[in-house]
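The letters A, B, C and D name the chains in turn, as written, and every chain counts its residues from 1.
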Amino acid sequence: MMSLRTDKDEKYTFNVDNVRKDFPIFKESMNGQPLVFLDTAASAQKPNQVIDSITEIYKTEYANVHRGLYKISETLTAKYEGVREIISDYINAEHTSEIIFTRNATESINLVARSFGKSFLKENDEIILSELEHHANIVPWQMLREEIGVIIKIAPINDEGEFIIDEFEKLLCNRTKLVAISHMSNVLGSILPVKEITRLSQAVGAKVLIDGCQAITHLPVDVQKIGCDFYVFSGHKLYGPSGVGVLYAREELLEMMPPFMGGGDMISAVTFEESTWAKIPHKFEAGTPAIVQVIGLGVAIEYLKSLGLEDIRKYEKTILDYATQKLLDIEGLRLIGTAEDKASVLSFTLDFAHPHDVATIIDGAGVAVRAGHHCAQPLMNRMNVAATVRASLGLYNTEEDIDRLVSSLHNVSEIFN
Amino acid sequence: MDSLRELYQEVILDHGKNPRNFTTPDNATNKALGNNPLCGDQLTVYLKVDSGFVEDVSFIGHGCAISIASASMMTEFIKGKSEDEIKQIFNKFHEMCTDEGIDKGSIEELEKLQVLSGVREYPTRVKCATLPWHTLLAALAGEKEVTTE
Amino acid sequence: MMSLRTDKDEKYTFNVDNVRKDFPIFKESMNGQPLVFLDTAASAQKPNQVIDSITEIYKTEYANVHRGLYKISETLTAKYEGVREIISDYINAEHTSEIIFTRNATESINLVARSFGKSFLKENDEIILSELEHHANIVPWQMLREEIGVIIKIAPINDEGEFIIDEFEKLLCNRTKLVAISHMSNVLGSILPVKEITRLSQAVGAKVLIDGCQAITHLPVDVQKIGCDFYVFSGHKLYGPSGVGVLYAREELLEMMPPFMGGGDMISAVTFEESTWAKIPHKFEAGTPAIVQVIGLGVAIEYLKSLGLEDIRKYEKTILDYATQKLLDIEGLRLIGTAEDKASVLSFTLDFAHPHDVATIIDGAGVAVRAGHHCAQPLMNRMNVAATVRASLGLYNTEEDIDRLVSSLHNVSEIFN
Amino acid sequence: MDSLRELYQEVILDHGKNPRNFTTPDNATNKALGNNPLCGDQLTVYLKVDSGFVEDVSFIGHGCAISIASASMMTEFIKGKSEDEIKQIFNKFHEMCTDEGIDKGSIEELEKLQVLSGVREYPTRVKCATLPWHTLLAALAGEKEVTTE
């Protein structure tokens, strides 16, 4: 395997061999072959640091959080609440109370659609999405449309998979009340100009939600710099546990928004006549939260910071470039998504085999990729494909992984040609 | 690779690449659309049914090698058969694709459809092989659409 | 410590010493004393079987579920889906598709309020709750009232904390559309006659939701025998991981109900014009689920079954009886909740010290209890107390734990008297 | 038990059991209700303010020993003081309850209120000690209600 060499005067310490040792799954094999995991965009593998913290909590520190008047509950509550600080630091939020814990990004978006959308949008108000959105950033708005009659407009992308800012600008008008756009495409890898999108949208008075599910894993995210009103992501794609997601929203909006769900922990006082809500962020967290998973997500972020975020990005870029070049060498392969500004995702089709067949065959060689519509059917239509094969990268992938992918694709070609 | 070779046998690759009866007829009496939302496969099966017999059958659509080959071989196999026979064949075929412990003798009557038995080793691919058959049954029952998940 | 002796001809194998070895937290101390954990009603401790299964998955088997066309994803998907079977077996549901995974019981109730309530109830329809409900089974209905104008009626309890079925019957009428009632009180321990409640409610055409958060841990639950339409509980109170809850609902209702949240995995097809929903249960599970937590919950239930559910109940009853007797011996102690039919929860006040002070002082002796309103403020009003101390039992508690509680309460008395 | 003895000193237990100025006056100029939803504690603080001075102060309510004692001692301590003085005392008091590293000398002026410094070791109990003070400040500011969480 490899570790990256750079100019001596640049401090660059990322060493993928060491990193891989932190991820126990890479000791495993799949179908008799060492596992090549190229499905991080669906969900990332977890480092020992995260796994061990989970084990440790359950073994020695577990208790419910909030309202516990004994030591272990107080300690765990402090850890749980401390993760708001870790996250607000990671994405540069202004206040820790702007960090809401959800199950996943999907819930975060639904929360905004229901709590913000339902209360502050009305019939014929316009919402703009882009052609490359994940279903999670389409369906909640359609459900809102069903309920209150908003209008959904679609900002187009070009054939490379790039957001067309000029076309987007034409859609903006004083009826535009919300713009909900991915920071990075989970199918094409394209990175969207979210800062520019936000500026233009807010200029016509629209609020902006950024779906950061993919971006959070591969790009620096600074919500204040972007200027967006909402930013959402899932923990499991950020090397954290399953079962936890995040909603960032500006304090001022959270204060105005009604709660999403009702129950314990989100109230200040309850009588049968009336209940009053807790302060933010707790107003939006009903019932016993995903305690251990939230803390595990905090550990994941600390782990990434310890590796050096800049170094991770640089390393991932070298692997993306290597992979792009190797894949383009394969005859009959069409890369879907060739944006100038892209990261860590490679979607493609082979003209001699259906993506489904490709995935099955290379699985036999220990290579895990995804095939299908990747929860982005409208994008598939736009790109004029029924399905793609998607190889997506994490910080643990190596050139050797790419070589294994390529050689397994040759197996496919052997079988089909 | 052994079970893969078993799955992707020559006959299947051939039918996958050159599907038989791949056409939209204009005298169909029944038709149904089959979806597999997992992979985006879509097939339309057309039938000409006369007094309980399938006189003609064809299909169009897109999908993986397994589903196209299965559809193609299905059309060849069921042409001229009665609705009752077809239902029996469907059951056998379904059993062959899903039942690990199946006795080889009991699926002899499926004849060359047996080459599709390799999907048994690939649980997520069973739907690919059975989609055309579910669509066929929907068409026979007069339903317009069927979705397998 | 103790293991329980019974008639020789009764097969009774429950041995609490062995059970405690399965729970690593009992090796820990709190404030320098061995931990006495009496807060299972808030959240239960986890056995090694559950903890190890979580570790194992993250270390060797992790991948996203559904739509993965490679081995580890297929295997984990089968495990994840397999938990529906374990749970439907545990509560005797008719179909596995009647089991929906949520974050917690709170979300389960909100799902029903929004999806069922919003669609099938209308202004002036009546919902009946009881006086002893947890906020989770109050606030969602108040939010529904706010939105569509339903009327909430409250079925009373008596001074012992028993549900008064005759009074309840008087509230029922043909405007009653939903009855939402706890199976067991988290404050009083009272067990409610849910089968009778269901029968009476359905006779006037109402649907019935049972909040089984506490009951699931201590009682046999048979949803078909109860006959209820909805049954909800949280995994973390059932010795499972944090971050997962369950909604059981009858298939026929789930089929009729619109989805709760929109996103990936809950759709069949998406275009910008229109989306169609997946079949149940997936229609109600949007986005990447709490994969590992769901599987961990399955392991928890298998663990309980391996101990023998009947034996657990019998053992817990002996500890409850022991504790009740010992507490009543303390001067100035008032037991809140003395229902004839009760389980595993002991709420009390001391006439010489506030519950809050009690909790702090006995925490110093390593005893973890809860003090406050236990997310049941209306019940506090009904029982005419501002707060109680609550000691709640799990299958790992012993007579020695109770003795430690009692002696620590003597500390309180020493300080205050 | 040491830090518990520190927390529950005789003075505190005494004020907790026999709170001073525990009454509803009929000539109050300001009043506010303080809630701690965590434990259900509720206090009402009554003030008689005249040209910026608190001429009289009392309270009623229910709560734990710490919050009642804190309220009781507060009423004794602030009576006759000016609004500005009270705000300074509040700040010092708050600091004493929360700042682990606080220098003993700097809180001398709190006099016997210092017995409440034991709450520092009990993060969840800090609110109990400060609730009366937050309520006092709300009353001074003309607010009707305050909630600490």
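Convention: a residue touches a chain if its C-beta (ideal position, glycine included) is under 8 Å from a C-beta of that chain, and two chains touch if they have at least 3 such contacts.
Predicted model only: the values in this text are computed from it and were never measured.
More contacting C-beta pairs link the chains of A-B than the other of the two pairs A-D and A-B. Between chain B and chain D the centroid-to-centroid distance comes to 79 Å (mean Cα coordinates, whole Å). Centre-to-centre separation between chain A and chain C, using Cα means, comes to 32 Å. Look at where the CA atoms of chain A average out and do the same for chain D: the two points lie 47 Å apart.
Chain A and chain B have CA centres that are 38 Å apart. Under the contact definition stated at the top, the residues of chain D that touch 2 or more other chains are 38, 124. Annotation for chain A: residues 67-69, 267, 269, 356, 360, 371-372, 377 touch two or more other chains. Pairs of chains meeting the touch criterion are A-B, A-C, A-D, B-C, C-D. Chain contact summary for the complex, chain B toward chain C: residues 35, 37-38, 123-124, 147, 149. Contacts from chain A toward chain C in the complex involve residues 24-25, 27-28, 30-31, 35, 37, 39, 42-43, 45-46, 50-51, 54-55, 58-64, 67-73, 103-107, 109-110, 113, 129, 134-136, 138-140, 142-143, 152, 154, 234, 236, 241-245, 259, 261-267, 269-272, 274-275, 286-293, 356, 359-360, 363, 367-372, 375, 377-378, 381.
Only residues 67-69, 74, 78, 267-269, 278-279, 282 of chain C touch chain B when the two sit together in their complex. For chain D in complex with chain C, the touching residues are 1, 3-5, 7-8, 13, 38-42, 62-66, 122, 124-125, 128.
Listing the residues of chain A that touch chain B in their complex gives 353-357, 360-361, 364, 371-373, 377, 380, 386-387, 411, 415-416.
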